[in-house]
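Below: the structure, in structure tokens.
All chains are identified by letter, namely A, B and C, in their written order; residue positions are counted from 1 within each chain.
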């Protein structure tokens, strides 16, 4: 169980670290693009709505794996050559952004119509209504689904091993398939499961707390 | 929809100047966008991306017959079997989640928490590897292909079962308690109340969310890649090896096929949603976006 | 309405795709291959008179030899998408072994006596141990340390690890130049350890297989790919304008390809060694070479010396 324990912990620790920062950066990217998308979804200009719809439709219907491949192997051909971890972030970020956009849009639409009417009736513009009245309230309802998107992102980050990013699952694979059988199978499995639980369970816990608080705030 | 979309309230209908501005902005950004696309296209053309042979080779009728179609069938097979497994597990665990007995609720809760925290990739690959170390399925007479299908389906079923269990629980909880109470009031036992009053309505309520999850399951069959299950994406790569020039082209073709499949299924889901949006008790909330669903898909299917 | 219009658009796209599926190179390639096969001729390997107990007897009883092979290495083990046949030198060795055990090779239909299973560098060891395959013939090198875990017959081919770079790359001319460069190697491959030993300063990145590495090299994401020369040769042949392999003097490891099987199958191992030696002697090995590497222009090397090591 504990053969080469320190080597194993070291390798998985590195993997966990990569998973965490790739997830974090991707999530930030997703939030930014997602917010833009949400605004385009509810925008007055039809072309903006079409683009947002097309973007969302694309990423919801194509597997993330295929998207990562096309990014990693395709874009260098038009001159954009980046290391694999950057493609990982771009792929995860743009993919998750589609869902973030949808979530934010639902959040905006879930605010009672009266709020928007009230905002308009005191003379606020589209942008001001969004910023001062709608979005702050939408924010509260939107935290739980965003939290679950973060959980999903942590899990999706395991996919970037196919473009060579040494994240947690990649390390686990490498340890288990190690050519010299230096590591115990069960130890690695427990380790990697524990790592994902450590990351995802707290997020779920906070989602549930936020959900309960959101109920009260109404 | 019963109320007008928020967006039309947030802004006044645009007057002529506003319309002109919107039009100009659209045209302007459209031009920029088209220019970027053109730039990319020129770059690609330079590298022979659009060369006909690169696209035609992977689509040779022999290859369609011997590679694409079997791969498509494998993908669908895994999706269908995975869905059946997920539905079965989802119902069992979901009922466990709302059981009267605390112990059962606890076990179901642990199941859901655990399997929703793990990446699907590991849920597929780890049992496969464990089995590899102990040869369990081999003694059951499964060949390599069958083994891969088994573990892909297992992973998909276990994971999506957890998600469906959550959806089921939300669906049941979303019904106003009056329904169950009414059932008890007319003398139905708990089991009967569930079967005759609660479940039919709950199922109709959450059908769209369940079907949407199954579309996600279809996309997730691509993860068979890690145990070299011959699904669409994996076989596309193999074709790409035969024609090194077409590596990217086959990926795009495969992505396109997935798109058509998933999009088509979503459309069917929307149709089903429309057909079943009656016959539910008043006050029953639709399984709503606040339910944390999976692969980042909030409960509502995309309204295009 | 909107649904039908979108559906129509999608329908048109699908139809266009289907219509364009006239014929690509596949049929022409088939003809060229058939012609090569005719030129080379058939094998003269015959069924062995006596089959030893153990693995070989099991195979004979089952009626089928299950071989783990690569599906993604040109000239060595590549699945032809048009015919679903596995082509390459490793596959030919598998066919010779089948001839030796059964007297004939039937790859299709219910009576098939030869089945290929896709193995990657990562899972080939697992597949031997759990019995998914009888043997692995997949550019698998007979490293001394591996002899403690598996039995190897052979070598049936001898090569060495080298480095492949872009055809227009002037910076990298030797293995030492790889310091600080991105080198792509397939996951789980022994080439990783070799490279780490030879040049610890090279930045090794892994992808699933060498085809992905080659693509990545072409894109410029990696600076080099390093593995057995035979594997690299296949890629250079496919795209001579894109890739080149460093000069032979750079070869820095010994890669004797062997047939791998479960540890302790001494009789089976000797049976296969006999088969390989027979193929050297009766010209079948040369035919297998002509069909694969030779057909791509490689000069025929000398046959390797069989390593009949003491059972451990």
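Basically, contacts are C-beta pairs under 8 Å (C-beta built on N, C-alpha and C of every residue); 3 or more make two chains touch, one makes a residue touch a chain.
Note that the structure is a prediction, hence the values are computed from the model and not measured.
Trainee: Looking only at which chains touch which, which shape fits best: line, ring, star, complete or other?
Mentor: complete
Trainee: Could you see whether A-B or A-C has the larger number of C-beta contact pairs?
Mentor: Looking at contacts between chains, A-B has the larger number.
Trainee: Taking the mean of the C-alpha atoms as each chain's centre, how many Å separate subunit B from subunit C?
Mentor: Going by mean C-alpha positions, subunit B sits 36 Å from subunit C.
Trainee: Can you check how far apart subunit A and subunit B are, centre to centre, with Cα atoms defining each centre and the answer in Å?
Mentor: Spacing between the chain centres: roughly 16 Å.
Trainee: Return the distance between the CA-based centres of subunit A and subunit C, expressed in whole Å.
Mentor: 39
Trainee: Out of subunit B, which residues touch more than one other chain, so two or more?
Mentor: 129, 133, 247, 263, 304
Trainee: Please output the residue numbers of subunit A that touch at least 2 other chains, ranges allowed.
Mentor: 73, 77, 162, 173
Trainee: Give me the residue numbers in subunit C that touch at least two other chains, ranges are fine.
Mentor: Residues 123, 126, 212, 215 of subunit C each touch two or more of the other chains.
Trainee: Where on subunit B does subunit A make contact in their complex?
Mentor: 3-7, 9-12, 14, 18, 22, 25-26, 29-30, 40, 43-44, 47, 49, 113-114, 116-122, 125-126, 129-130, 133, 219-220, 222-223, 225-226, 233, 247-248, 251-252, 254-255, 258-259, 262-263, 266, 289-290, 292-298, 300, 302, 304
Trainee: Note which residues of subunit A are touching subunit B in the complex, please.
Mentor: 41-48, 53, 56-58, 60-67, 69-70, 73-74, 77-79, 96, 99-100, 102-103, 106-111, 113, 116-117, 119-120, 125-126, 129-130, 134, 141, 144-145, 147-149, 151-159, 161-162, 169, 172-173, 176, 185, 189, 192-193, 196-197, 199-201, 204, 207, 211, 214
Trainee: Can you check the complex and tell me which residues of subunit B touch subunit C?
Mentor: Answer in residue numbers: 53, 55-64, 66-67, 129, 131-135, 138, 144, 147, 228, 235, 237-245, 247, 253, 256, 260, 263-264, 267, 304.
Trainee: Enumerate the contact residues on subunit C facing subunit A in the complex.
Mentor: Where subunit C meets subunit A, its residues are 122-123, 125-126, 145, 149, 182, 184, 187-188, 190, 193, 205-208, 212, 215-216, 219-221.
Trainee: Which bits of subunit C are touching subunit B when the two form their complex?
Mentor: It is residues 2-3, 7, 10, 13-14, 17, 20-27, 30, 66, 71-72, 74, 78-84, 117-118, 120, 123, 126-127, 129-133, 211-212, 214-215, 235, 238-239 of subunit C that touch subunit B.
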